[in-house]
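Each of the next two complexes has subunit A plus one other chain: subunit B in the first, subunit C in the second.
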Partner chain A sequence: MPSNTQAKRLISRRLVMQENVAAYLFLLPFLLFFVGFVLYPMFMCVYTSFFDATMGREDIFVGFRNYKELFSDPVFWVALKNTAIIVVVSVPITCAFSLWVASAISRMPVAATSAFRCIFYLPVVTGSVAVTMVWKWMFNNYYGIFNYLGQSAGLIDKPINWLGDPKYALGCIILILLTTSVGQPIVLYVSALDNVDKSLVEAAEVDGATPLQAFWKVKWPQMMPTTLYILVITTINSFQCFALIQLLTSGGPRNSTMTIMYYIYYNAFKLYRYGYGNAMGVILAIIIAILSAVQFRLGQEK
Partner chain B sequence: MKKNLALILALCMIFTLVACGGSKTTAPAATQAPTAAPAEAPAAAPAEPAAEKVTISLWTYPIGKWTDEATVKGFIADFNAIYPDIIVNVEYLDYTNGDDKVNTAIEGGNAPDVVMEGPERLIANWGAKGLMLDLADMVPAGTYAGVLGSCTSANGAVYELPVCMTAHCMAINKDVFEEAGALQYIDLENHTWTTEDFFKAVQAVYDAGYPYVGTIYCGGQGGDQGTRALVTNLHGGTYANTEHTQYTYASEVNAKALSELCAQDGITFDPSIVASDEIQNFVNGTFQMAFCWNATQEVNNADALGFDAFPMAFPAEDGVASLQGGIWGYGIFDNKDEARAEAAKTFLRYLTEDDAVYAKVVEATNFQPVREVAGVYEGNELMAEYALMNPMMGDYYQITKGWTTARTEWWNMLQRVGESDGTVETILNEMQAAQDAANAAAAAE
Partner chain C sequence: MNNQYTRKSRIYYAFTFTLIFLIALTFLFPLYWIITGSFKIKKEILSATPVWFPSEWVTTNYANLLAKRSAPLFEIGSFVGPTIPGALRWLLNTVFMSAVAMLLTCFTASMAGYALAKKRFFGRTILFSLIVAAMALPKQVILIPLLREMSSLNLYDTIWAAIIPVVGWPFGVFLIKQFAEGIPTEMVEACRIDGASEWRTFTDVMFPMIKPGVGACAIFTFINSWNDYFMQLIMLTSTKNLTISLGIATMQGENSTDFGLIMAGSALASVPIIIVFLIFQKYFTKGITMGAVKG
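Let's turn to the complex of A and B:
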């Protein structure tokens, strides 16, 4: 017969086992979705990138040919450059603007803070097609409000074809992207600012810290996890900018707004070059993964 | 207690998932049941066994009123009065996302049974990839030979059962042209004009204070038949050879046409718009011409048009244009299901063989029939006006291989031309680069 201690251990093990089983069973539904809708497509993306895959015939294994072609494709490099510009411009501006707005509205009365949070979050919850169509109307070459205001104020002599001129098109895309990107970071920063330990801020102020010093030395370090998260999601969103391009410019004029995401779509769904599109997808995923890893690393060091 | 509850909940979730996942495996058993029944039926009852219901799907692009649910359901209801065992589910597609939706369905093995579209855009391409059934034996007698020829692929198969057609034309704002004194340059009776008169008319309208007379839209491929027809007609150029094996638009005459358009006051190149935007700008009075126009545009925009939209053939040196045709019809996807394929064919025969039904089908498209049929558009003056364009229908070069790439190259080339110095030499180089890419794609197919 087992001793009293052994019996207790046995019961304890069973309890642990039951807890583990319950936990895994709870996780199982998500795991199935994760495998089915994330891991499997990822695997298929990498796998297909080694094939000349198109509609209506068997795929032909081509090894790294898609990747070789990719690096000698001038449009891919243009798309990569445009994507990099979007990321480099939009990510810092989104973060800085969100932080500034959040700092300003978090000091307001609760009702005002909530109102501003709603206002800035509206473009996020509004359908991207609706938002894009409104912007398209505002940028319209013939009767858009920007040209109307510009001409009325004497800033421009004749209408500017905002979305039809390579000089302005990418800038317009970035501007729209900013308006749809700042909502979530603002909400997150407002929450992060609320969660800052007030006693530490007060202690710093008692010790003679200026408001700016209190912000950078006390509040900012406590908001680093939020900042890191915002940086990562904004970077990924910027890399994956697609709907705006599809609805507004189709990558034009003269590829001036072509991004990697749109070029993937164009090759896969317009030219039916699935293998080539997947090869681009793999490269994009690698770039995003490296950048995210760097951001996490820098965030941890801070 | 809590843990047991958690365990029970988790098991419930798993069972729910298993139950959901199991639906696919239980479905065949359910569908097999009716086929098993007849084996026992003769002994039990001599009456005819109930016919098995077949469900087919119809996906239709917005072709006239074929985007209107009441119209389409009306056809299906009439069809079901005769064939109650064929259920037709309809999906309405748009030109923005429709292609992606169909392609995704094809790749996912869920292609529709019937699709309504044009041969040059999609159906011929799918047929070439072995995704469509050959409908050659279903083409009604009396279908115009030219139409049938245009729908016949190189292998002799007819993947699209032609239903309606139009000669794509352009339109002018007749009120503005009259005000500008530009109607003198137009043959109002035949709806034609010469190249020389076209440029004079544009100048007159521009001088009358209308800065945007016409716009070469090149933001995408939508409605590119208009820009192709304009450029190739101005000085008698071609787009592809008559054998439909190669693209031929990089020529001196086409480059000259584009060069003249670049230099003309009132004509602009706009890479920010496509044909649908052009039509909208024409309808709201911003543009005084639309290069992408046909009868259905006038019908669809009748309420918004505040002026007389006058259909015109594209300008040509001798005034005789070669218009591009559009042919729409039905294709049946080869879904490896004989019952569904047969049901789809029955549905299409119903829509296209009987004159009375066919006339209604054509009228719902707002285009012209592809065979002689009594009673269609009877007393409809608008359609009679647009029917004047039909004799000017030119070569149906859209079935040339490499079409997808050729279209993309065309509007990208126009974007570059719009920003160029506008000389014939520069334009010819741009055209040549685009044509080479299109021909390379044609050779690769």
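Let's turn to the complex of A and C:
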């Protein structure tokens, strides 16, 4: 019965059509925002990076000149180096610290677990401006508690201008960044530890494994997807650290806290060099894409 | 033997508890310092030896903060409302911005998340990869194009310029998609077979079931939008349009060592959102963990 199958096919094709139309109608409101204000700007970022663009005049096509200039710009290399330092120092510390805290607090009574989880999340909720302001006070040359504590403990003999000294400024930024980035990983690790297959842990303990062995041999492999996710978000977070730098040091002293993120902002808002800033954005996006891909590959191999 | 082992682990347990307790105190300290600092007298703020607890509690810092700048309560066309302290207007702007961003995100994300989880449509895989890729990208990368786009749409320096990019950010969709995937497809199909329209299926069957996910998305968006200093910084400039964080940051530029004033502003910017967080903490935590499950 060829006509019957043909009819069926027609009906099913119409159903597929309907399903498609319905799906896109549901997606439409989101797509308006997503395409208009995320994808389109992404495309424009790449596109404008080939132009000499600024306020109030037509963009001039310059080919790869922005990129050429970028690679010979000493400030860009300093910014890249500082960004790398921030990522390399803060990512492992954040991951290790949050794993340690999470594994310790997840064994506590439920109320204590959630209280600690909440406290470690507070700096994130407090907001970058308020957090930055209070740290600025604590690091202050004359009225800050760090100089007081350091001097009374005998660690330093005269007040240090923490944020004004190229030797310390980046370290101070990283310290503040750490306090605002452990919150989310702790929440994630606590829930991952909750979801670990309890029977496997018990079996290992019956077989005489110490708690430490049970942790590394049984729980840790099961938490691998969480660890991977934490690595990726912490890396992105460290790249994104902006408010701290803009409000505390503006990239100074002597570019010692200049990062790529701040340099993009600086080019866009102080120099109005839109094309140049976009070229930097493209390079940054490529770096992050490569890093995320590498982290995923490493995680999957294990 | 066994006894000795538990004793050792009990000591270890007490030791880690104490250590984590002390670290937690240092995490609480900045907040304590903001709040006490905002009520201290000038002499105690500018003292080289820190005053751990204010000897007297004063509200001068708040009074200064409110007196510094002023802005109209509202403006509709050429009709200008009564003048109020700038900081209050900033607070109102921030509440408006976060609430609108939250509502719009929940509306768009619950529909899109449902479609991505339960519908088979052309381009589904590509769209999902784009969403994941966009989430991995720092927002700062698209700042310049976004800025130019907003000014060509005449939205620059309006609160909408800070709201729209938040709504376009795909995390909410991702989160609700994860949640909707946990709901059996049979429920949706049964409803369709009974003759309900696509829209009815969504509002009457799907939405009630993804409500916890939408709740997590709502609180997550509200808090993130409140604290999204970067987007506010590049999009808003005139005094009447600032948000509370941005307003405090601007004031700080002019009164950089008046820490009492700045702490009062910081308290005003952070205490409301901390209260919101504490009330909805459970949903918030759920949102974070849900967004992390790979799909």
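In this section, the second predicted complex is superposed on the first by the 275 of 302 C-alpha atoms of A that agree within 3 Å, B and C clash if a C-alpha of one lies under 4 Å from a C-alpha of the other, contacts with A are read in each partner's own complex, and residues count from 1 in each chain.
One rule holds for everything that comes next: contacts are C-beta pairs under 8 Å (C-beta built on N, C-alpha and C of every residue); 3 or more make two chains touch, one makes a residue touch a chain.
Since this is a predicted model, take the numbers as computed values, not measurements.
In the overlay built on the shared chain, the residue A:G56 is in contact with subunit B alone; subunit C does not reach it.
In the superposition on chain A, A:A84 makes contact with neither subunit B nor subunit C.
When the two complexes are overlaid, the chain among subunit B and subunit C that reaches more residues of subunit A is C. Touch criterion met: A:L163 reaches subunit B, while subunit C stays clear of it. Contacts of A:K270 after superposition on the shared chain: subunit B is touched, whereas subunit C is not.
Once the two complexes are overlaid on the shared chain, A:G127 sits against subunit C while remaining clear of subunit B. With both structures placed on the common chain, the touch criterion links A:M224 to neither subunit B nor subunit C. Contact with both subunit B and subunit C is seen for A:A22 once the two complexes are overlaid on the shared chain.
By the touch criterion stated above, A:G281 is placed in contact with subunit C alone, subunit B being left untouched.
Once the two complexes are overlaid on the shared chain, A:R254 sits against subunit B while remaining clear of subunit C.
Residues 19, 22, 25-26, 29, 142-143, 269 of subunit A touch subunit B in one complex and subunit C in the other. Put simply, subunit B touches subunit A in their complex at residues 3, 6-7, 9-11, 13-14, 17, 99-100, 103, 106-107, 126, 128-131, 212, 218-220, 270-273, 281, 286, 404-405, 408, 412, 415-416, 419. Subunit A meets subunit C in the complex at residues 19-20, 22-27, 29-31, 33-34, 36-42, 44-45, 48, 101, 104-105, 107-108, 114, 116-123, 125-131, 133-138, 140, 142-143, 145, 147-148, 179, 184, 187-188, 191, 211, 225-226, 229, 232, 236, 239-240, 242-243, 246-247, 261, 264-265, 268-269, 274, 277-278, 281-282, 284-285, 288-289, 292. On the side of subunit A, the complex with subunit B involves touching residues 15, 18-19, 21-22, 25-26, 28-29, 32, 54-57, 139, 141-143, 161-164, 166, 169, 249-250, 252-254, 269-272.
Interface residues of subunit C facing subunit A in the complex, by the touch rule stated above, are 9, 13, 16-17, 20, 23-24, 27-28, 30-31, 33-34, 37, 45-50, 104, 107-109, 111-112, 114-116, 119-122, 124, 127, 130-131, 133-134, 136-149, 164-165, 167-170, 173, 198, 202, 223, 226-227, 229-230, 233-234, 245-246, 248-249, 252, 257, 259, 262-263, 265-267, 269-270, 273-274, 277-278, 281, 285, 288-289, 292, 294.
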